[in-house]
Every structure is written in C-alpha cells, then in structure tokens.
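Take a look at the following structure, please.
Lettered A, B, C and D in written order, each chain numbered from 1.
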Amino acid sequence: MSTPELAALIDDLVVANHILVDEEVLDGFGHISVRHPQDPSRFLIARSMAPGLVTADDIVVVDLAGQVHDAQGRRTYVERFIHSEIYRARPEVHSVVHSHSPSVIPFGVTGARLRPICHMSGFLGAQVPVFEIRHAAGEATDLLVRNQALGQALAASLGSANVALMRGHGNVVVGHSIQQAVFRAIYTESNAHLQSEAMRLGEINFLTPEEAQATSDMNDEHLDRPWQVWKRRAQQSRR
Amino acid sequence: MSTPELAALIDDLVVANHILVDEEVLDGFGHISVRHPQDPSRFLIARSMAPGLVTADDIVVVDLAGQVHDAQGRRTYVERFIHSEIYRARPEVHSVVHSHSPSVIPFGVTGARLRPICHMSGFLGAQVPVFEIRHAAGEATDLLVRNQALGQALAASLGSANVALMRGHGNVVVGHSIQQAVFRAIYTESNAHLQSEAMRLGEINFLTPEEAQATSDMNDEHLDRPWQVWKRRAQQSRR
Amino acid sequence: MSTPELAALIDDLVVANHILVDEEVLDGFGHISVRHPQDPSRFLIARSMAPGLVTADDIVVVDLAGQVHDAQGRRTYVERFIHSEIYRARPEVHSVVHSHSPSVIPFGVTGARLRPICHMSGFLGAQVPVFEIRHAAGEATDLLVRNQALGQALAASLGSANVALMRGHGNVVVGHSIQQAVFRAIYTESNAHLQSEAMRLGEINFLTPEEAQATSDMNDEHLDRPWQVWKRRAQQSRR
Amino acid sequence: MSTPELAALIDDLVVANHILVDEEVLDGFGHISVRHPQDPSRFLIARSMAPGLVTADDIVVVDLAGQVHDAQGRRTYVERFIHSEIYRARPEVHSVVHSHSPSVIPFGVTGARLRPICHMSGFLGAQVPVFEIRHAAGEATDLLVRNQALGQALAASLGSANVALMRGHGNVVVGHSIQQAVFRAIYTESNAHLQSEAMRLGEINFLTPEEAQATSDMNDEHLDRPWQVWKRRAQQSRR
C-alpha cells in the first residue's frame, strides 16, 4: 500500500467519507469503499468508525470473503459483505456506498417506487429495486447484511442497477469510480426528496428510459465539477 | 461531588446538553439528567437555564422528591418531576431526556402513532404511548409536569417503554446511560420525520416487533460511534 | 436619546433585528420596533435597511403619524404605519415585529386557521385573525401598508390579538417588550410549521382556550432563557 | 475588458455566482450571465466550472451565436444557448440565471402551475410557462439546451415572461440587471416552496394580476436591500 496512485486513491476515499457526511447522505453510520486498483479481489474501506472522522490511517484492506487484511488487526464494519458481494457480482463496479440517506428511507418501506424525476438522476434508470431482507433471513433479524449469504441476496436484488433500496434500513449505490458513486449517492437523496414533493402536486412526468440513459451518460462527463466543490467544502469544514 | 468518575460523568452530561441542542432536539428549553452514580436516589441536572449554555459548574443534585441539594441554593427546572418520578419507577433507567423535539409534536396531537420505520429506531418498540395531561390535571393547565403527582402520571403512561409523547408539549426518552438516552432522543426525532414523510407515500411496512428488538439490541453495541462525532461537533462549535 | 437605559434598549433592538434574521423570521426584509420609553407617542426602529445589518447608529425615532424625527434626515420603512397605528390602538403594546416568516404565509392565503398546537405558542389564543388588504384598498395594490388608513385597518383586524396574518404578505406580532415580541415571532413561525405537518397526520387536538392562556402566562416568566441563547448566537455569528 | 465599470460588473457577476450557491439556487451546476455593457451582442459568463468557485479571472465573453471569445481559448457551459438566444429575443433583458433550484423542479414535472403566492414574487405574473424539450427534440435527449435551435425553442416558451420552467431539468429567470435576476431567482425558489406547502392546506388565494404587477414594480425599488445582505454573507463565507 505505498504507490503514489494508491495514496491518491486513499485520499479520495477519505474525502468521499467527509463529503457524504457534509451532504447529509451519511451521519454517524454508513460507509464507502473502493476496489483495490492493484488487486480486483480486494477493496479499501475505513475501519469500523464514524465516516466523518476517517483519516488515511484508518483505511484497511478487505477481501471478497469479507476478511480484513490489516497489520494492526483492526476490524471493519459488520456490513462489509454489502461491498464484497457486490464487487464479486459486478466486475465493472469500483466503488460502493451504503447509507441511511434520509429522503430515500420512505421509498423503501412503502409501495412508492423511486424513479428519475430530472436529468441529474438519470442513473436511476427505469426501475430502482428494493431489497427485502425478510425474504432471505426471516422476520426477526437486526436487518444488517452480516454475512456472505445476505450480501449475495442483496447483490441479486441490485442486479445490473446502480441503486438498490434496503427496506427499513437504507440503500446501496455503485459506480465505476469514487467520484461517480458519490455523485450518484448525493443525487439519489436529492431525487427522493424532489419526487416526494412532486407526488403531492400531481401525476409526475418522469424521464423516459432513453432520457434516463442519455442524461446519465452526459453527467458522467461532468463528475469532476461538483466533486471539486464538495471536496473544497469538506476540507474547509475540517480545518 | 469530587471523584474523577463523577467529574467525567458531569462532563458527559454537559456535552449531552450541547449535542441535543446542536442536533435540534432541544432549543432554549428542555433538559437531560443522569442518575447519581453513588446514590440512586438522586440525579444530576443543570440549574434552570438554556441547555446550550450549560457548563460543569451549572450542574446540581436533585433527590427523588424533586428537592435540589445545592450549596449555592440554586433552583432547577420546574419540570424536574419528569426526571424524579421516572427514576423512582424505573430502577434500570440512568438517564432521562425531556424535549420539544419538533417532528415528534405532530404525533402527540393527532391519532397517528409513532412506530419504528427503520433499524435505527427499533427502541421505539411496538407502541409509543402518549401522555394526555388533561386526564390527570384537567383542561386548563399550563401543561407543565409541575409536581410529583403529575410526574407519577407521566411515569405511569411511559410504563416500560423507552419513549412517551406528551400531548401538546413534547416527549420524554429514557436510557441506561447518557449515550443511550441521547442516541434515542436523536433517532426518535429522525423516525418521526421519516414516518411523517413516508405516510404520504402510502401504507408503511414497519419493523416487526422482533426486528425492533433485534435492531435495538444491535444499536446498543454501537452507541459510542455517533457519540464521538456529535461530541466533536459540539466541542468545535463552542470553541 | 442619551440615557443609559435608552442605550440599553437600543442595544436590545439591534440584537432583536439580528436574532430574527438568524432564526429565519426575517430575511432581507421585515422590521421590529420598540415604543420609546420616555415618550409613548414615539417609537424606535431602524432606518430603511436590511435588518441583519442594523447597528445602534441606524436607529431612528418615529411618531405615531409616521413622521421620522432624525437629525440626519434619514428615512425609515414605507410600512412604518404598521407600527404607528398598532402603538396608537394598543397602549399596552411596547414592541411590534413585521415579518414574512415563511411557514406562516400559507395560513394567510388559504382557509386553514393558525391555532396553538403546543404549549410554546399559547399566545396565539383561540383565533389568529387574517388581514385582507383588498377589503381596505381594493384588488390592485402592492400590498404594502403605506399610510395611516391602511395601518388603522390592520390594527382593527389585529384587535386584541397578539398576532395577525397579512394575506399574501406576512404577519405582525406584538408584545409587552422586545423579548416577548421576539419570542412570539419565533414561536409563531414554529407553530405554523408544526401545525402544517400535523394537519397531514389527522385531526389535531389543539390547546383549549384555557390551556392557551395558562401556557402563555407561564412562558412570560421564562422569556429571558431563550433570549440569552439567541443573543449569544447572534453575537457570535457577527464577530 | 478593462474599464472600471466593466470590472465592477464582473465583480457583481462573481458575487452573484456565490450568492446563488449560498442561497441554494445553484449547487455544483447552473450559471448566471450578464449582457456586455459595451456590446449588446455579447454577454459575460463563467467558463465551464462550478459557480461556487468562480473568480473574476474565470469570466469569458460569448457572442449570440454561442461562440466564446477568450484569449486563453477556454470553454464555457454546453448550455450557453439558453443565454444567447434569450438575449437575442429579449433586448431589454440584461441578466439570465439558469438553475436546478430544487423547490421549482416539482412544478415542471406535474400539472401544478407556479403562481405568485405573496408580494415578494409578483414578477411571476399570471402564468409561468413550462418548456417541454420533447416538443423540440423528441423523447430521447439528455435534456440539455445544446444548440441554437433548442435555445430558440426555450426563448419562445419564455415569451415575455420573467421565468420559465424546464421540464425534468430546472428553470430560467431573466432580469434587467444582475441584482434583479438574482432577486427573482431566489424568490422563485421561495415561492415554489411556499406554494407547495400552501397547496396542502387548501385552495390558495393568489395575487391578482394587478397585485402581481404592482408588487413587482414596488420590489424593483428595493433590490439593493437584500443584495447587500446576500453579498456580505457570500463574502464572509469565502474569507
């Protein structure tokens, strides 16, 4: 873990933790990971701690079985299997965010489906799946994705989508990069808020599937623009 | 009041006052107490003042009859009987928060019942009771829990629950420790907000009673994680 | 304008301007006045400017005809007649706030009536009147209370109440002191927000008229507690 | 680009970028322009970047064909045609804001029409048009106003109005000056929020067309008052 590019990636991962807290996607809980650039069977994530306090020294390496590889023997989040099983099922995914993003929770516990209401959230596609952990684990669990089997069930619900809701719990968002995953996590929260507001005004004219795809492709060209603002704000608020 | 552990507990109580203000559970009103670690028939609470301004010097000792024991003869809140009677009725309770937490108020004045919508608020259990002071004191009071009789009526409404709403007034939250009571007060507010939003999207799929218990037990193992973030924020905003 | 008590009152008026901005009752518009302690036929108010920028040097004296008495010949707000006519009609009133407080606007333009939902806003009483300027001035005005006649019409709508809404415009709040008027302006906004949220949960159990009176009397004994917090925050954010 | 008045105008444009971010009209996206004071066939706008980070050095000159004239060969926003075609169609317009202002989005995707609910937003007039890009470009676009033809279609939808909504995208606001455009952009967001809240309380008593015109004229006399506050806040938050 000593090449300059790895160090830069870890810096981005630390900044991403802080951005997601500042933008109110994460609070004292939730996590973001990035696939290891030199070993696709491993990923980087903070040790078990509040994301707003993460520093580069807190990043550990985890394999796809959920095993932590850390010289200091530190532990990471119980729910690391969210990350490991999505990385296993989706080779093109390089970053995963799990959050309790507040505006999204209501869409996970009602029949209302999250759909793209504007061009910033075309990545939501035609359909956002909902993972019901009761189908995999029964009606008496603590809702955590605590093992490989539950991680696989979640990854199966996610399928080829970019976002999956987790009933009574939160959501998971994936991307090709940290910047894309952060962008999508923030605009998933935004879309949920806007859709909830619009639903009380009347029938919503959502993006067509073609518009969703075209806007998602277009936004991928501009990921760095908001990232620079979010990064600056995250750094300033921690000085 | 001079052992190191007592001083540390008082520090936590001061920080808890500030956290609850920063997280918008308390405003200029409301209070948090902790049972005296060396004498279960007494508790510690700030003198009558705004919680955001409390320092260690402002903490006084009160007995279960609501009598203040303070060398300087200072007074505490009129509503100290909320605390004293809950400590009397619930030996396992070591911390009590009384707030006017905004998202919770609507659930106290309508027929809608507060229930756990996600895994962060399993401690709400199957049922959150509502204390109607009119039943104990008639229809012309100032709604304050001003004496032992009213404190006992509130404690009776609370029963074995962790949270009770107070109609037209606010709510009370209890815990085994300051950290647990603070966690529960913050996520009670959060749950009320999320439930209110979800109710307009459709029928809500709440936690089962077993899920509520399992998630509550699980969260008890992670109370320190958000506490560290809240504490740091409270300390930074007061530098 | 040079006695120490007058200087202290002006300091409070300046702080009140800042508090009302910080608490989001005022934005770049709106104003607060206080009756002159040495001459009940005059009042103190800022010159025509944004309330968040007011300093002691910006305070001018206005008489009940709306005439400014200022050695530098400065002007105050067009809507000074809101203040002058209420001071004329209500000798016990010593402070008036006019704001566009956001949560209150919807109650001025619909049939929904603002009523006290909790013990912090008992001062709203049984009924909050709505001033419809069209009745006094027709359907083509700029809605401003621009002259004595409109000020009198507003004062007549207010009657003996503590708060009156102004359709399509905002509201006016009165008090015996700056502290009471500020408290009431802030909790009028709060009540409107809470009532709006509660209305979608079901039928609301409002305070009885007796509870409204008792809680209002009770809060009058505690006006200094939130004032100290608001004042400290206003001063800190301007350092 | 070196006269003192041009430098002052560029300073205002930079401040306007920051104000619109601080007031949550813009986030990492969106833009504001001003017509060139010495050449009405050109306008000033930031190069392609997040508005919150814009400085005077980032301002470029663009002509009404959307061509950038910049010694350093820098590019500006893809959607510069929003600005160029409105400046072409509306000679009296001297500033244009394009934003994704959140409360406005729901009014662009439902049948609910944005109308002036209070005297701060009389400039909305009787009717706020909605631009449906599908009518001009079909159902599979990325929703961006990428060329002159789409800019012309948007300008045609805008007609003589001050604000037009863009379905699934955002809105555009015009003014005689930077200060007026900023004022209108901020109070368009405010009106959308207030109207959305009021709609759930009951039938809304909107401004009459005459009131809308009179209040709009009146506010034009007070544009500097909030501008001073917003400017100070924008400058303080960037120190």
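As a working rule, a residue touches a chain if its C-beta (ideal position, glycine included) is under 8 Å from a C-beta of that chain, and two chains touch if they have at least 3 such contacts.
These numbers were taken from a predicted model, which means no experiment stands behind them.
Engineer: Walk from chain B over to chain D along touching chains and report the minimum step count.
Structural biologist: Between chain B and chain D, the shortest chain-hopping route counts 2.
Engineer: Do chain A and chain D, two copies of one chain sequence, contact each other through the same residue numbers, with over half in common, or through different ones?
Structural biologist: different
Engineer: Using the average of all C-alpha atoms in each chain as its centre, how far is it in Å between chain B and chain C?
Structural biologist: 33
Engineer: Report, in whole Å, the distance between the mean C-alpha point of chain A and the mean C-alpha point of chain C.
Structural biologist: 46
Engineer: Which residues does chain C have that touch at least 2 chains other than itself?
Structural biologist: Within chain C, the residues that touch at least two other chains are 200.
Engineer: Taking chains as nodes and touches as edges, what kind of graph is this: line, ring, star, complete or other?
Structural biologist: Ring.
Engineer: Which bits of chain C are touching chain D when the two form their complex?
Structural biologist: Where chain C meets chain D, its residues are 27-29, 48-50, 52-53, 100, 102-103, 105-107, 109-112, 139-144, 167-170, 196, 199-200.
Engineer: Which bits of chain A are touching chain D when the two form their complex?
Structural biologist: Touch list, chain A to chain D: 117-120, 122, 190, 193-194, 197-198, 200-208, 210-211, 214-215, 217-218, 222, 225-230, 232.
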